[in-house]
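Chains: A, B, C, D, E and F, in written order; residue numbering restarts at 1 for each.
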Amino acid sequence: MRVVTFGELMLRLTPPGYRKLVQAESFEAAYGGAEANVAVSLCCLGTQAEFVSKLPANDLGQAALNSLRRWGVQTGNIVRGGERLGVYYLERGASQRPSNVVYDRAHSAIAQASAGEFDWPAVFAGADWFHLTGITPALSPELADICLSACRTAKEKGLTVSFDPNYRAKLWSLSDAAAYMRRILPYVDVLITNENQAADLMDIRIPQTEINGDDVTDRGYLFLAHELQKNHGLRYVAIAERRTFSAEDNSFCAKLYDGEALCTSVKYRMDIVDRIGGGDAFAAGLIYALREGFSTQEAVSFAAAASCLKHSVEGDSSPLSAREVLSLANGSANGRVQR
Amino acid sequence: MRVVTFGELMLRLTPPGYRKLVQAESFEAAYGGAEANVAVSLCCLGTQAEFVSKLPANDLGQAALNSLRRWGVQTGNIVRGGERLGVYYLERGASQRPSNVVYDRAHSAIAQASAGEFDWPAVFAGADWFHLTGITPALSPELADICLSACRTAKEKGLTVSFDPNYRAKLWSLSDAAAYMRRILPYVDVLITNENQAADLMDIRIPQTEINGDDVTDRGYLFLAHELQKNHGLRYVAIAERRTFSAEDNSFCAKLYDGEALCTSVKYRMDIVDRIGGGDAFAAGLIYALREGFSTQEAVSFAAAASCLKHSVEGDSSPLSAREVLSLANGSANGRVQR
Amino acid sequence: MRVVTFGELMLRLTPPGYRKLVQAESFEAAYGGAEANVAVSLCCLGTQAEFVSKLPANDLGQAALNSLRRWGVQTGNIVRGGERLGVYYLERGASQRPSNVVYDRAHSAIAQASAGEFDWPAVFAGADWFHLTGITPALSPELADICLSACRTAKEKGLTVSFDPNYRAKLWSLSDAAAYMRRILPYVDVLITNENQAADLMDIRIPQTEINGDDVTDRGYLFLAHELQKNHGLRYVAIAERRTFSAEDNSFCAKLYDGEALCTSVKYRMDIVDRIGGGDAFAAGLIYALREGFSTQEAVSFAAAASCLKHSVEGDSSPLSAREVLSLANGSANGRVQR
Amino acid sequence: MRVVTFGELMLRLTPPGYRKLVQAESFEAAYGGAEANVAVSLCCLGTQAEFVSKLPANDLGQAALNSLRRWGVQTGNIVRGGERLGVYYLERGASQRPSNVVYDRAHSAIAQASAGEFDWPAVFAGADWFHLTGITPALSPELADICLSACRTAKEKGLTVSFDPNYRAKLWSLSDAAAYMRRILPYVDVLITNENQAADLMDIRIPQTEINGDDVTDRGYLFLAHELQKNHGLRYVAIAERRTFSAEDNSFCAKLYDGEALCTSVKYRMDIVDRIGGGDAFAAGLIYALREGFSTQEAVSFAAAASCLKHSVEGDSSPLSAREVLSLANGSANGRVQR
Amino acid sequence: MRVVTFGELMLRLTPPGYRKLVQAESFEAAYGGAEANVAVSLCCLGTQAEFVSKLPANDLGQAALNSLRRWGVQTGNIVRGGERLGVYYLERGASQRPSNVVYDRAHSAIAQASAGEFDWPAVFAGADWFHLTGITPALSPELADICLSACRTAKEKGLTVSFDPNYRAKLWSLSDAAAYMRRILPYVDVLITNENQAADLMDIRIPQTEINGDDVTDRGYLFLAHELQKNHGLRYVAIAERRTFSAEDNSFCAKLYDGEALCTSVKYRMDIVDRIGGGDAFAAGLIYALREGFSTQEAVSFAAAASCLKHSVEGDSSPLSAREVLSLANGSANGRVQR
Amino acid sequence: MRVVTFGELMLRLTPPGYRKLVQAESFEAAYGGAEANVAVSLCCLGTQAEFVSKLPANDLGQAALNSLRRWGVQTGNIVRGGERLGVYYLERGASQRPSNVVYDRAHSAIAQASAGEFDWPAVFAGADWFHLTGITPALSPELADICLSACRTAKEKGLTVSFDPNYRAKLWSLSDAAAYMRRILPYVDVLITNENQAADLMDIRIPQTEINGDDVTDRGYLFLAHELQKNHGLRYVAIAERRTFSAEDNSFCAKLYDGEALCTSVKYRMDIVDRIGGGDAFAAGLIYALREGFSTQEAVSFAAAASCLKHSVEGDSSPLSAREVLSLANGSANGRVQR
């Protein structure tokens, strides 16, 4: 049985080191996208995963597809055709200077895909989990419908559906995103979110008494998770708590609510190599852990460790194995040389 | 007095060495486009040149603009705005494997520009020459009209107009290009072309008796040049004769007809470093030479040498100085170390 | 239906540019081996292919395996375990200086594999072709037996078996290799060889009257192919004719004998980017063409073009598509820019 | 109206990463110098700026000049000629190991320039600000006089003059520098300095009661600024307060005194990418802010933010836009990804 | 007089930046090994040093040998021959992700060396110090005996012998290592160790009352050093105290006991560039200091500073000069630019 | 017994690939100089060699010195001190574009050295050969005298002296060089030259009847060699015949006259990787061969092969072993892969 994810795969172009785009004489090339990152990370953890999308029938589309196969991602349901491959330029921040993303993703093959190109019942044969983020429905109204249709089929076929709203202001408005949340949440089993998205997209606000400056109390998170779970009939609510002190200095902590208890991971303070894909690695870690039957506490610890380690490697997706993630989740966080 | 060129400037992404696109892990970044290449080459030869275009108001547009300023190109009339910067991917060929270009230039800022954005009378103040290629009008019907309008203004202001059809089958059909030729040729003083374009776009065919396999006799070229000159009232007809034996092994020779004599350059056999922009360096060399008052023979020799040397450097445009080009034009072609 | 190949996959370490090993401060890393190269090239041509081997259960073994998956090679029957991954260091030659290979492949996982680790009937399910070279049996006596056992099973299952002796003096003696040829040839349908191997390993010598210096007449090659075909009941005999003028300047021509006619390809004169894997790309091209039902003439033309183009790209294996190979096989050899 | 700066532009050679000079196999090449850095940074902020110097009439001089044009710096008054381009080698420090600069700048074109080569009245046409540092007069007695003469002309033409002593012990003695300060300060409107230079070069010492270890009280700085302002009739006194905890870990804070109040910026704690040019970016930020009519508090906040951000990018000068600097000056310092 | 060290020299292959091995497309190549690192560091400090080993008689062995000569290490007693050069792959860790070493050192030339290949009396002519680590005897039983024989000869010749147990669990068991310690300690004058090795290999345990969490009191270290000194008749006992907070964030402090007093260095908190060889740089600093006649306090300060600075440079060994180390040892630790 | 060479060692900075200096963003760093190149090449061939010079007492001087030690060159008599290390910038030519050298060598430590800094009797202890080129005396009048004094001592000590005029027009005039030739030739045993230098510096002109265009007859070379030998009492006259067809396409052939016969090498046609140092590799090959007692024919064949192979590797000096050179000298010139 395998996990299916669906979304856009883009060419990522990054100037070397800490050069800004206006200083770049070359770019490191990689391919990434939230849902593809989840599929790659799942394969590296040891789970079978498939990525579904549409890629242009040219050399760039092929290179993007190959970048997934390298890690073992199944690509048999990727449609080939369309106008172009989306591109995003990433300028790595440092200290007080933020990382900066310039998107050039309009008119991409997937953004122009139509419903008839995806045969969801066939895609979901042999699958038990479907993962989606809010980026894909934001790309076009047609894709918004395709995502709903995929979720509907997934549910009919008995798959678990996980969803991360992943709100991007450059793609759609908060009100459009909130409206879409109401359409898709009925199909969702596992929701991955944070307090800002809960407030802005799902209208759940933590009481002010549970907030101290940047910090939220455990009671506050429990309230949030419980409301979401109750309102939308969710199986699990995962909450990612990131704090950004500088471009390289972030903390990351996660919560997981299973309807009974809210379990919390260690809070990691990270010296970041590559910030992109930290959330996707969390999603992958969570899916892996839940499918492996980990307890709620084990699952949130594993998923947070997977996310933490992603920040220490270059690229959009995490090449770490389950063994490496478990080593950190089990407490070995001192970075001592392994020899 | 300066030379003005008008067209599209794209980001060029090239895998290192002889890697194919599907093998690329990084790209060398440069910015190029036929008319921008001419402007850069002119500046390096020692002529004042300005490039007019539209570039997006983001970091990529700024980096593209900076790449021109570096060489001294004037950029004060470049409009900022629009959707995106065009991109092209260049896979360097070798031996029997051809170089391969993948365009991703649709929806670019310049392709979506409108007539009101360019104030040609202001642009041409202080200019005595306007250079254009057939790529720009192929980008959109609006641009086709803008080019005509620019030519009209240029003629009114007394500028010399040079034009290189530069036919690209991926941008428009032969019949559309031929129709456009009939509209623009009345404004052209200096035409840069070759026997294929003459036949396909301007309906001038060299008699079969003057063709031996790949070779055309001098009489054949004279016929061609004379017909073009006579039919369209041209001041100069320049003919570029390239023969392609392999990806790195080409010959290049040029002819220049001034209405009286057809002057011919040396034929260079080149071991090519970078094929792109060879024709643009020829155009720049020709404009430089004619503006400097070189004789027809000197001009064609200089322009051919400028093109030859471009093939020996990386990038779309030629950084060579007039001194370096003259050294080759005057016969110093043995590549001996200068020390 | 798919093609199966079996052999060793090594880490290839190459100093950048034309640096010698004693000058190297860094290495480009790739993974290659004759039979793996054939599988990669087949996938790029559009054929399903699987590679069978044994790789260590560490990060290097994983990276090697991933390098195959990237191109679509199936890796489900690769055994994981054993001591180490073989390495080879490649120093790129230039002009009169030959390329130089330093092997560090002893004690590799595959060289120490045992018969029980490969379940050939299971491997060959869904396969119609098995390709092998003389490198694999040379790695250990156990592997020599495993190869025979695999061939026996392949024949029982109705697969076509192709074999390239690929004699390497650093691995075994001529007499040991010749003795092994007598054991394996009964299972072979398609033999890929040249006049030296025919003489040294299979005791077929072209009459001196058919040899002029470095050249062999068509009658000479026909004699050779016919003798081999007749003696060993072969379906096809393919002969690769390489001439080495300098490190970058080689010619390549191929012959294919189907028991009736000897068909000959064009002779390519190549300006080489990377010499390694030229023979493997020929084998892949031949297998592709024969499986696609090409005529003997079409098949040898396609296979020679595939080999020729391999020399123009970096790495052990050919990333070229069938479309690109056909373009050359059909005569488009001038390397003109595709744009 | 534009800003003019005058000084030396050198080739900067930096080993990649944290390699020491004795480990270097290659160098990253850039061009920098205190006054050129200010000009580049001003152009990136959006101010017209011109750099005046003398550069050799060879390819290196041209490359140096081009490096300025790229950012829009005007170079029309740069004299070409002289013996050589100065070079400096920069070894990037880390942790307890300091960055190390090896100068090879003796005999440079500018160090050997003579007064007659610069036509200051012509240079200052269209300019309203002249910036200078103490490095230029330290290069030769002739240059010391040229700087005074330039300042005199600048004042006559009504330009504002800013000066940063930038004392370098490798170029001249403290007593020579102090003597020169007495000659140049009469022409200075805006002085950029720190407490060490104030003591060593201008004989103003903060009372010990206002110093606690490494820290100076606001009253101490006010005393210092007021004394300098009063003694030398300055319009503004800017004080840069850097503290160096390790090679990558510095704090930076600035003060600006306008004769009435001493305004103080935020104190930034920085994880440094490239330390060189931090002071020049401060000067550029200050000039930009004062010319734009910012209040004293806004000006010091902007200038400190400009300096802080410079530390996060590679190279001698700051490519940051006014928008980016304002974002930090207005409090957005957490380095969160912009997407 | 010179220092002699004896051990294995390996090719070190490191992916660029923070890439994991499974992400590597290239490797930085260097040559290292504990005892070779000590010899290189000694030469850079200004001491004559010789490294003794066995290297294969191929280009890789030559490159390894050249890498030592570059720094001035004497190599006249390196035996050439044997099967292969050992390799180790180093994946640089970051934040919570540890650095990871994959060894491929079995079957190396030195691991298969035999006693007759080393003529110790000749090697030690002109030498006054012999340094060894526990890695070398762990490579083979034969090497264990060779090391003892070398120590015996060294003592007979009047050399000082220093030893660092450098326990590696991948090479031998704790009990084998402990048994070997009992054989070699009688020859040792200067022992470099830490509290874990003292407990595991030499059965000296610090009383629990002297341990607070990760910290050991000075009384605890004094107890340890005194026990070791007394039991084994040592001249000096050096103790390295490393604490690992993350992959880049370590502290380092050293103690040196001369039979009378326990002297302690500053505790350095380091932002690490390259962790490998930190202990070897400490050993080199200690040998340098003791041979130069530094006091016990000066010696431990110098050795700790040498180790600290090693962490700030890339590669296995320290290229720092005695002047640079002294500057830190004398308190200049703020990393301020030297210009 | 060893060979001593004396001269200048410079930092060589080369843009990557075929970039021109005005396009360079980085430089490959190496260290070279005619006489140092000879010493390095001799060590790689297996001869003991020492290089004498003066290098600044800074990190660049140390790096230069280390670059020689790496290959085994003895550096014990290199004086440390002086102002700066000379630099030269090398722009690699291609096809019709020549390579271009920009020197920045004035004021270097060696150019300012004085006679008292070199103790020639001590230098020549244990040496049997002294090699010098005309570059060193051209650097300063003092050096011209030092060279003569060194030659005088060398002759007194019984060393063989070899000399290559290596005329550089940028360093001195033809008449100064010719005058110096008359002073130094009395000490020379082995002269390495060509027909142009013979005419310009030593006033020996080949009769026009022996010249056909670019070619000289064997009788012409014999005349030249005999005249030189007779006039100056030389033991050997070596003549290098290079023809330059393009930047990468040269031929090289050598002649050696021993007073009786003129022996000629094969004429190599080379596809050049790096042209610099071709003559120095020839000198090294010749010195090696003559010291090894090769016959005149063997010596010229070996020296020409050594020079030919140098052109196929990057850098100023040849890392090739005697085995590799002999392989080519003995006729194995086809560049076939060694595996």
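Criterion: contacts are C-beta pairs under 8 Å (C-beta built on N, C-alpha and C of every residue); 3 or more make two chains touch, one makes a residue touch a chain.
All values derive from a computational prediction rather than experimental measurement.
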Of all other chains, the one whose Cα centre sits farthest from chain C: D
Chain pair showing more contacts of the two, B-C and D-F: B-C
Over-half contact-pair match to A-E, picked out of the listed pairs A-C, D-E or E-F: D-E
Most distant chain from chain A, judged by the mean position of its C-alpha atoms: F
Whole-Å separation of chain centres (CA-atom averages), chain C against chain E: 46
Chain centre separation (chain C, chain F; CA means) in Å: 44
Per-residue overlap in chain B, given as positions that touch at least 2 other chains: 20, 22, 25, 66, 100
Overall pattern in which the protein chains touch one another (line/ring/star/complete/other): other
Pairs of chains satisfying the touch condition: A-B, A-C, A-D, A-E, B-C, B-D, B-F, C-E, C-F, D-E, D-F, E-F
Chain D - residues contacting chain B, complex: 66-67, 69-72
Residues on chain D engaged by chain E in the complex (per definition of touch): 17-20, 22-23, 93-101, 103, 168, 170, 244-249, 275-276
Residues on chain B engaged by chain F in the complex (per definition of touch): 268, 270-274, 308-309, 311-315, 319-320, 324, 328, 332-339
Contact set on chain E toward chain C in their complex: 13, 20-22, 24-29, 58-60, 62-63, 66, 83-85, 87, 89, 91, 100, 102, 104, 106-107
